[in-house]
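Got some structures for you, see below.
Each of the next two complexes has chain A plus one other chain: chain B in the first, chain C in the second.
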Partner chain A sequence: MDKNIILAGKHLRKEFHGNVVLDDVTILCKKGVVLALVGENGAGKSTLMNIISGGLQPDGGEIEFEGKPVKFRNSHHALQMGIAFVHQEFSLFDDLTVGENIMLGSEPRRSCFTDSHALHRQAQKVLNELDYQIDVGRMGGGLTPAEQQITEIAKAWVTRPKVLILDEPTSSLSKVEVDKLFRFIGRVKESGVSVVLITHRMDEIFQVCDETIVLKDGVMTAVEPVGNVTKDDLISKMVGREVSNTFPQRCKSVPKDAYFELRNVSVGKRVQNISLRIPKGCVTGFGGLEGQGQRDLARAIFGIEPFTSGQVLIGGEEKSIRTPGAAMKAGIGFVPDDRKTEGLVLPLSIEENMSVLVLDRIARNGILSRKRVRAEAQKGVDRLRIKLSSLKQPVVDLSGGNQQKVVFSKWVTANPEILILDEPTRGVDVQSKLEIYTLIRELTSKGVCILLFSSDMLELIGMSDVIHVMYEGRISGSINGCEATEEALMSLSSGVSPTVKKEG
Partner chain B sequence: MLVGSVKRQLKQAIPAYVIWILMIILSAVLSPDFRSVGNISNIILQATPLAIVAIGQSIILIMGGIDMSVGSVISFSTVIVATASNLVGGFGSFAVAVLAGLLVGIVNGLGVVYLKIPPLIMTISTGAIVKGLALLLLPSPGGNVSESLMSFFTASSGCFSVAGVFGILLYVIVTVFMHQTRTGRYLYATGGNPLHARQSGLAYNRLTILSYALAGLFAALAGIILAARSFSGDPVIGDTYNMDSVAAAVVGGISLTGGIGSVVGAFAGSYILAMINNTLNMLNVFAYYQYIIKGLILVLALLVFQLKRRKKYED
Partner chain C sequence: MRTNLKSREQFSKLSYGVYLLLVITLIAFLIASGSQGSAKGVLNVIRQAAPLGIVAIGQTLILLMGGIDLSVGSVMTLVNIVASSIMAGRNDNIGAAVVVCLLLSAMIGLINGLIIAKFQMPPFLITMAMGSIIEGIYFVYSKGSPNGSIASRFRVISDGWIGGTFPIAILVWLAFWGLVSFILYKTPYGKRYYFTGGNRRAAYLSGIHTFSLTVSAYVLCSLMAGIAGLMISAFIGVASMSVGTDYTLNSIAATVIGGTSFNGGIGTLEGTFPGVLIMAFLQSILTMLNISQAGKNISQGLIIIIMVAMNHYKQK
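Presenting the complex of A and B:
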């Protein structure tokens, strides 16, 4: 047994609802070694980290801590054993100070009272170790994303972990801050801690990491010391899935006249000065790593959190879209990424969900006719072949794929000119995916403008006529759908300078 | 000196104290009756039960819940004091009432945590049950409160009765508990963001049950003082305290969405409400107008704090 191995996950396997998301993955966290974990969105990185830090239970395989097998009850248990996981999403408290946030759970006490002076002094010391200046008396709610990230790392480091897992810690940091963080990681490593770094930025791997693990679709495709690999090796091991024939033929002629136009639109700092001209009858894809502003862009177009500056033109006319209601009046539809909370009213029946957007049309003098509601819903069910036992069935009982079809058909009955799709096939089975793709093609052939936001690169490549890749709130490059490759998208996504020809 | 988030929480209470002091000055100038020792001790006596039940309500609101059973617990507690005195003596009935309050609180907490019943529904339901029990034990006001219990709580020197001092003492203890202990900090964190609290490994279930138990406890104490003051039990006397305790907390700067405010504010809030009642009584305003006025005050307070907070997060 290698004495340097602090934490080992062996032959780990995890399934969600029958989908295997992790299969026979082995990860070894060694003393004083920085391990890079890379892979596409949805490759299973977070799942793997959650398993070795107690957040999820594996369905197969075992975890060993310092040579002995363990079963973590929850992430708190793992933290007590010395495994700290800094998640990508922050979990700070707005109404506690930076110091109180950092020391949460390990507050110093004098008899049974907390000692606020000592608490803030100790928190300051931890921040000093990180070589980062934040006033420990400031409130958590007023921090910038970079400060939140550093506070989260300090909160993890204060527990003096033996294994420190950082999930994309640099995505909100500036260059100088990243350098500071890497020097900190260097010092941490010297003191014998094992660090796992999840990152999408290739340069960082070569800057601080000693070993890499590459995941692709839940399977390990490479475990190598960093010295043995190049950037291109890594990218080719992350991607390389076959573009199968699941995608229906794209239409031949793409019209060039812009129907929907964005001029210099921004949403705070999350979306910055994006200008796009989108023609009718084609699929415009938006890709990139998670959290680069795609979601904000999609939601701003639909008026959920409107643009803070810039103009939106539809059919050459400027529109002010400040609410989803205004967006719908302007002919925009939106299939949200979280169908359970935003797309459907789960306890209501299929027919009620499907007709909810067209009640005005169905109603006569303000009174709904059951018959017409049913007829409208039946049309949708037939078009998308939704499997159901009755139109009166509550949608909560349907499978993920069928639920998504209900959301789709709800919007299709409303006849939008522009349809925004945010992760339309997340958690959807293969057969339903295919049917949704076919429907998208049908809509474009009728002249509907589709905006497809997806983290699935194959879906973007297979469906889109043009793909815009977003990076840090801007469009880092655009690729024609026919010419796009996963490698090209990946390089644009990870901020590597675009080597592909820019479109238009 | 105060360090950390406590400063900010205490700041929420400042408007309530400003209003309270202005009210005192205004009443003192306008009405000579107000300044009399008799009236001031009367106000303290009136405000004390509300102030005590508002402690529990404040803890719950800060933790992110709400308790609509405190009114019934107060009534039940007066009924216990008025019926059990003969069997177990004055201070025995005190203990029984406290235990009953704790029990109702724990049931509320268990229902919210394990049965996942929304706090509003859970506490309204237990409130109805407890009210039924109170009416069963003592269908109409009366009963027999122990003489010793009454003379203990109503003993006074100048403006201050034992009950009033007892109320202030409870406030001191709970203020220290909420702002200077780990558990207090975790209650704030839980109310501020329940999801993050769970993710940070805080004992969410235990904290929730604890806060409902405390609300039950303080409601029972309020009931005991009410019984001692009126020297009788009354199965419906607590009904108005559900809304009044929430109003006192909100006027005192505690957020209905949790995580913000301090019990220190609820103290001023209770006295503001009690003084409004007192003034309206002195002016012979009908009881139903009093309801309307209290309702308007609550809406106004909510509006003011809500607008202030919305501005804060938009910046």
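Presenting the complex of A and C:
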């Protein structure tokens, strides 16, 4: 047994509802070693980290801590053993100070009261170790994303972990801050702590990491010391699935004149100066890593959180779209990524959900007839072969795939000219996916302009006529759908290749 | 076959349990009234339930839309005091009194709705505060001892019987019930109550103007309370400082007994109707049996808990 191994996860396996998300993955966290964990969205990185930090129980395999097998009851248990996981989503309390947030759970006490002075002094000390200045008296709610990230790391570090797991810690940090963080990681490593760094940025791996593990679809494709690999090696190991023929044939001719145009649009700092000319009747894909501004762009086009500057033109006419209602009037539809909270009214029936957008059209002289509502809903159901026992069934009872079909179909019912799809097939079974893809093609052949936002690279490549890749709020490159490869997309997504290919 | 039956009941929005309970209370009522039991007795109870029936229509709309209105009782009392003082017992003043009262009610609803929709405030607190403010206003307006009385011709809407056999008050109630049901089920506007109450965010993202819908719902509810206030005024004929007090919680009770969800999006007016009747018959039965106010409160509370539990189980 290697004395240097602090934490080992061996032959780990995890399933969610019959989907294998991790299969026979072995991870070794060694003393004084920074391990990079890389892989596409959905490759199983977070699942793996959750398992070795007690957040999830594995369905197979075992975990050893300092050579002895352990079973973590929960993440708190793992934290007590010395495994700290800094999640990608922040979990700070808005109404506690930075100091209180950092010291949460390990507050110094004077008899039975919290010693506020000592608490803030200790928090300050931890921040000093990180070489980062935040006033410990400030409220958590007023922090910038970068400050939140640092506070989260401080909160993990204060427990003096033996294994420190960081999930994309650099995504909200500036260059200077990243350098500080890496120097901190260097010092931590010297002191014998094992660090696991999840990252999408290739440069960072070579800057700070010693070893890499590559995951692809829940399977380990490589474990290498960093010295032995190149960026291209890593990318090719992360991707490389076959583009199967699940995707219906793309249309032959793509019209050239723009129907929908964005001129220098921005949403705060999250979307910066994007200009696009999008023709009718084709699928325009938007890709990139999570949180690079795609979601904000999609939402701004639909008027949910409108653009802060720039112009939107539809059919050559400038439109001001500040609410979803206005977007719908302009002929825009939006299939949101979260069907349960944004797409459907769960307690209501399929019939009602299907007809919500077209009530005014169905009504005659302002009066609705059951028959016409039902006929419209039936058309929507037939369009995507939604499996149901009755149109009056509440949508909450449907499976995820069928729910997604209802959301999709309801928007098709509204006959939009421009249809935004945000992760239209997330959590949807293969058969339903295929049906949704076929419907997308049908729509484009009728001249509908589809904007496809997806984190599934194969979907983007299989469906899009043009793919725009976003990185830090900008379009880092555009690739023609027929020529796109996962490698090319991954490079643009990771900000590796600055060369912008002009769509041809 | 069995699954078919089960699923049909499951998909129906109306809770049949409430009708079952209504039949039971009705039978109990007839038994309790013994030899005096008659159709007229039953109609008389329903007649007296008309104000509650009308205010509960408004409350149902609000709950469906995902809100609550705790100011309806105060609106009813305000209308009672204002109507009495304007009418001062004279038939010539009926028109003016009705117009002023309805405008006042609508205005209160508008203020409720605007504050709740504009500032995303919890409706519970805003309408409760509004109720308190209205109470203060009518105390000042009436200087603590309201005067005036309701014009005799106006009292017909609550006291009158058509040909001595059917109460006008029930007709008024049914008319409003029919009208609002039509709006709720047969117009796009009404359907949007369900979407907004069921998932406000999804409704907004489906292009529904949730803001104006919210405001209009509070205006409608307050108008219903105003009409109920006029009905109750016609009943008692005089101004009273506390006539509306019980109606706030009773309207909510009748609505939830009728199967409307407290979280919005689920419920019907056909459920609220028997909900109101159940409460009315229960009150009369207990009065006839000489049961104290304490006993009335306890049994009413039990009925609410049982019905809410049944509806909750059904919606699961």
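Keep this in mind: the second predicted complex is superposed on the first by the 497 of 504 C-alpha atoms of A that agree within 3 Å, B and C clash if a C-alpha of one lies under 4 Å from a C-alpha of the other, contacts with A are read in each partner's own complex, and residues count from 1 in each chain.
Everything that follows uses one rule, which is that a residue touches a chain if its C-beta (ideal position, glycine included) is under 8 Å from a C-beta of that chain, and two chains touch if they have at least 3 such contacts.
These numbers were taken from a predicted model, which means no experiment stands behind them.
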Exercise. Between chain B and chain C, positioned on chain A by superposition, is the outcome a clash or a fit?
Worked result: clash
Problem set entry | Which of chain B and chain C A:Phe113 touches, first, second, both or neither | first
For this session: Using the touch definition from the top, say if A:Ser390 reaches chain B (first), chain C (second), both or neither.
Result: second
For this session: Considering only the touch criterion stated at the top, classify A:Thr97 as touching first (chain B), second (chain C), both, or neither.
Result: first
For this session: Considering only touches as defined above, state whether A:Met328 meets chain B (first), chain C (second), both or neither.
Result: second
For this session: Considering only touches as defined above, state whether A:Asn365 meets chain B (first), chain C (second), both or neither.
Result: neither
For this session: Examine A:Ser191 and indicate which partner it touches, taking first as chain B and second as chain C; both and neither are also allowed.
Result: neither
Exercise. So, does A:Gly137 touch the first partner chain B, the second partner chain C, both, or neither?
Worked result: first
For this session: Go through the superposed model and pick first if A:His76 touches only chain B, second if only chain C, both, or neither.
Result: first
Exercise. What stretch of chain C clashes with chain B when the complexes are fitted on chain A: 129-137, 183-191, 219-227 or 255-263?
Worked result: 129-137
Exercise. Across the two complexes, what residues of chain A are contacted by chain B and by chain C?
Worked result: none
Exercise. Contact residues on chain A for chain C in the complex?
Worked result: 302, 304, 324-325, 327-328, 334, 336, 341-349, 352, 356-357, 359-360, 362-363, 366-368, 389-390, 392-394, 410
Exercise. Can you list the residues on chain A that touch chain B in the complex?
Worked result: 74-76, 79, 87, 91-97, 99-100, 104-105, 107, 109, 112-114, 116-117, 119-120, 137, 139, 141
Seminar exercise, completed: Given the complex, residues on chain C that touch chain A span 7-8, 11-12, 185-188, 191-192, 194-195, 198-199, 201-209, 261, 265-266, 315
Exercise. What part of chain B is in contact with chain A in the complex they form?
Worked result: 2-6, 8-9, 176, 180-182, 185, 188-189, 192-193, 195-197, 199-202, 259-260, 313
